[in-house]
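Structures are listed in the sections that come next.
The following pair of complexes shares a single chain, chain A, combined with chain B in the former and chain C in the latter.
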Partner chain A sequence: MGKNAVRERNALLALIAAMCVLPLLTRNVNTHHVIIMILLYASLGEAWNIITGLAGQTSFGHAAFFGIGAYGAAMAYFKFGVTPWIGMAVAAVASAVVAAIVSYPVFRLRGHYFAVATMAVGEIVFQLFVAWRWVEGATGISIPVAPEGLATFQFRSSKLPYAYIAIALFALAAFVFHFVSRSKFGFQLRAIRGSEEAAMAIGISPARAKLTAMVLSAALTSIVGSAYAQYVLYIDPFMVFSMAISMKIVLLTVLGGLGSVWGPVLGAAILIPLSEYTRIAFGGTGRGVDLIIFGALIVLVACFEPQGIIGLARRLAQPNANRKGGADGDVDTKSDAARTSA
Partner chain B sequence: MGCVYGLVAVGLGLIWGVMDVINFAHGEFLMLSMYSAYWMYTLFRIDPLLSWPIETALIFLLGYATYKLIIKRVVNAPGLTALLATYGLSLMLRNLAQFAWSANYKYLPDTFLANKRLLMGPLIIGWPQLAAAAGSILMSVAVFNFVGRTRMGRAMQATALDRSAAQLMGIDSESVYAFTFGIGGACVGVAGALLATFFPVYPESGAIYSTLAFVIVALGGFGNIRGALPAGIIMGLAETLGGFYLGTEYKYTIVFLIYLLVMQLRPKGLFGW
Partner chain C sequence: MKFGSLAANENVSFAVFPGQIVGLIGPNGAGKTTCFNCVTGFLQPTSGHVRFAGADITRHAPYDTAKLGLVRTFQIVHTFRDMTVFENVLTAAFLHARGARDAADIAQDALKSTGLTWCGDKLAGGLTIADKKRLEIARALAAKPRMIMLDETMAGLNKTEIREAMELCLSLKAAGMTLVVVEHIMEALMPISDRVVVLDSGRKIMEGTPDEVAHDPRVIKAYLGDSYNVAG
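Right after this comes the complex of A and B.
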């Protein structure tokens, strides 16, 4: 491991340790809720970052995997009376399989054609769940009340257990991203982002690398989806499969900074409290004032900080540095050289 | 329906092709145009068939202003930032509409063409739908001619191909971009006015058009706005026939499946290169 990687790992460990203390500082249920949502969305962002941040394949369809995860956990208890953890595992495998199946046709497309295709896949899965009677279609599933405990994945007396589960999930997602991004595989993905032809020329199989990245990303997303279902205890297709979920994942990662392990955390830590607190403050009016403000703020951030928040942080840290990260620069030069010689 | 989809997609595709910006607020522009047609009729008794130039002008200005105020700042930013901005804008516009006019469905039940039907043997076609189809085709053709024949249109093409080369030739890419956004808006301005005659007006009414327009633009192929019209007609037919034979709950599934299947054969869209 290089020096940067060690530094990043230590910083991550410190961040997670700090997170473990954070929920203990307050007894406010709203604050706990916001912390849980930040962590769940940050984990989704990390998962999405693998396929889009590293491999450069913009996915607008991650709600599909999120929803499969949510339904897996809910159905496990609702239909079969087994612990949601089994549902979580089954759903993660199912998401991975779905990702593998759709990846084959979808990864033949490039750029925007790929992005639109992922959106189409997401919408198809959404529509199928709305029409599918066995999973209660559009009515959704209300997860039956069970005794509290880790086995049933239900806690009513306090939100703290959920907060710690969310922290564990975030640690999982962040470390998966950290190890992937620092591994040989991560550099292969970056090479593909730079230029698929050049990556092939140096002996990388883009098809296999992209497929692996997608499967990994889908399984992680699905696990977070399962936890979300157990947290809210009621799901329907419109909640978990809609484009809005896919877009929220995209938004917070882009807002925080694409391709960095810190991006999703930063983005979620800004976006989620904004959306939750504007909802708490203005949501009662029932006329969408919270979303007007939320939308306006997104526009403002995009206009005045186009590099994402991480760009701002980097600029503050190194006032004179006007370059991207070293590793990224290397890959780009290499691919440019390969393209010229080809 | 297909023709209207086509026109909405032409507008989206024009912006996407020339500026490489995905306008997520496109459906909301459509929704605003439908509202303005609604209010024109409700307040001033101007039938949408006559008021469409007003809606078109309004949405043209909205598009122009959107470019000048927002898009201008993000058009050179890395890939997904422009998307962030337009998504924020769409959220804002949709909820502003809800704030101002509530989420209730609004209908225009007694416009000139309302409930008039054309009987052609076993086929029953509503006149409002027919007018919408005809208007959409006319507007699309007008846009194609504008882009192909006029000075501004050629400047758009040049800027789309290579912005810096176009600038070296003395083309003011700023005003080209602003104009492109305006024309893209004008397309949904017309579409909105025509849709308001037979489609309920509500804050979310543009949303499904947005999603479909993405798929249609991609199906037609980027960089070829002429592809969007036939692609829109194909998707409209697929939706209607699929909905009829397999049940309405599957109609969008069919549409998206067709996109995925066609892309296997033509990975750059039907008419793209």
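Right after this comes the complex of A and C.
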């Protein structure tokens, strides 16, 4: 356990170091934008991976927490004139509370109820914000211009500060996932994904563990949402609560590798450029082209490599290990047959 | 325990003393698994009481029961397939471990006492059924129980594997463990049990030493049939 954990931690640190250099290699604003979006979505994927990749509870409603985070940051300055960082913190707590309220009843049920419930919650929160006067409803919020700086979370002269904030967020999300997945709590979540009965038999309360995972995941998602709002400086419910965001989080993590810290980065590095460049190429009429291509990739992954790209990479990296595994299987079957005939 | 108007267990009462192996037998549908589930908290009994180590654990959640030291295995193995064998056991070891290192030690001990050390790094999903059943027991052991309840651990195993499983039960007993073993395979259960409880149609029809049980006419009629011979 220890050796693998250290190796993963070092690889993560190396990746984050490389990320810090990456934005300096180009002065193209558009490339910076793509990098920022990749990092934000990779962070969302890491957060989602806690509840779905580890605990096996598929959430199709993470846009709800993303949106709450976005509104939290926007409202902080728009309504109260305080720094968006406070909004970020308040929204993270609010998202955690919403996640707990939603999860508590559904986690007592089994199977797909949770997936359906999260989808419904995503829609409900979206409709609430469309109708809610105090947050400007469907009109959305244009965050008032403030002096540039970390305190106001606004930068105009360059996208570089946003890129570094995005890297910091990714580091946060990735390390939270890394530590959770290798902790006692992470093993409990994986046990629950494997079998709730077996988990209970060894003293794990599935309802409590899943609730904790959901709260953590929602809070992280919300924090990324806040950063996104400060990056685009204009939000409305259709942008930040859309089902498309929930779906993108799901798709990119599944494509990259569910339950792996590398999955969301890989998935985001493929989906987000695809998304951004098809948008540039096709304009408004191209809406959804990225998801069509991505859908096709997901079908391929589901058919050939359920572990995602990371699973494929592992298989390519250790072809011998697998062949050996297969041979062992043969031996087992043979010895079984031998014993039975004897 | 009743399901609607169907009484799956009625007036079933028995005691298990520390350090013993108690066998729970009965023909198909006798209510063995129901009884098992009521004791371990996986079913909420409609009446009656379960007491364990001085505490009333009736209708306790399964995970609370496990924390108190009453741990079960499953008839159909519930292996965490995408974890290694070691990680399967480690997950259980966390229950009473002080820190990660302690948990790893407990897990290694559990693998050792079940003879699974050789495959600790293997993916659990790839084990044979006999080893998966062994892993179930290793995982239960790692949760540091005072008593283990084994649900048909030997079903589906061949003769060699059954012999090995019997030896494992006896070695656990020798190490001071208390065991309740639900089993279909009489030949496996009789030699290792200190006492045997016989269920039939949801009722306890007999309790005694394996010898007494095997010679009891009610038991023979209900379950064993005339061909069973203790001496052989």
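In this text, the second predicted complex is superposed on the first by the 294 of 342 C-alpha atoms of A that agree within 3 Å, B and C clash if a C-alpha of one lies under 4 Å from a C-alpha of the other, contacts with A are read in each partner's own complex, and residues count from 1 in each chain.
Just so we're on the same page, a residue touches a chain if its C-beta (ideal position, glycine included) is under 8 Å from a C-beta of that chain, and two chains touch if they have at least 3 such contacts.
Just so you know, these numbers come straight off a predicted model, no measurement behind them.
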item	value
Chain B versus chain C as contact partner of A:L216, first or second or both or neither	neither
Residue contacts on chain A - larger count, chain B or chain C	B
Touched partner set for A:F187, first chain B, second chain C, both or neither	second
First, second, both or neither for A:M239, with chain B first and chain C second	neither
First (chain B), second (chain C), both or neither touched by A:V135	neither
Touched partner set for A:A201, first chain B, second chain C, both or neither	second
Partner chain(s) touched by A:P105 [first = chain B, second = chain C, both, neither]	first
Footprint overlap on chain A, where chain B in one structure and chain C in the other make contact	none
Residue numbers on chain C that touch chain A, as the complex places them	40, 42, 61-63, 66-67, 71-74, 78-83, 86-87, 90-92, 94-95, 100, 103-104, 123, 126, 128, 139-140, 142-143, 158, 160-161
Touching residues on chain B, where the partner in the complex is chain A	16, 22, 70, 73-74, 77-85, 87-96, 98-99, 102, 203, 211, 214-215, 217-218, 222, 247, 249-250, 252-253, 256-257, 259-260, 263-264, 267-269
Complex interface listing, chain A residues touching chain B	58, 105-106, 108-110, 112-113, 116-117, 119-121, 123-124, 127-128, 130-131, 243, 247, 250-251, 254-255, 258, 287-289, 291-292, 294-299, 301-304, 306-308
Residues of chain A defined as touching chain C within the complex	1, 184, 187-188, 190-191, 194-195, 197-205, 325, 328-329, 332, 336, 339-340
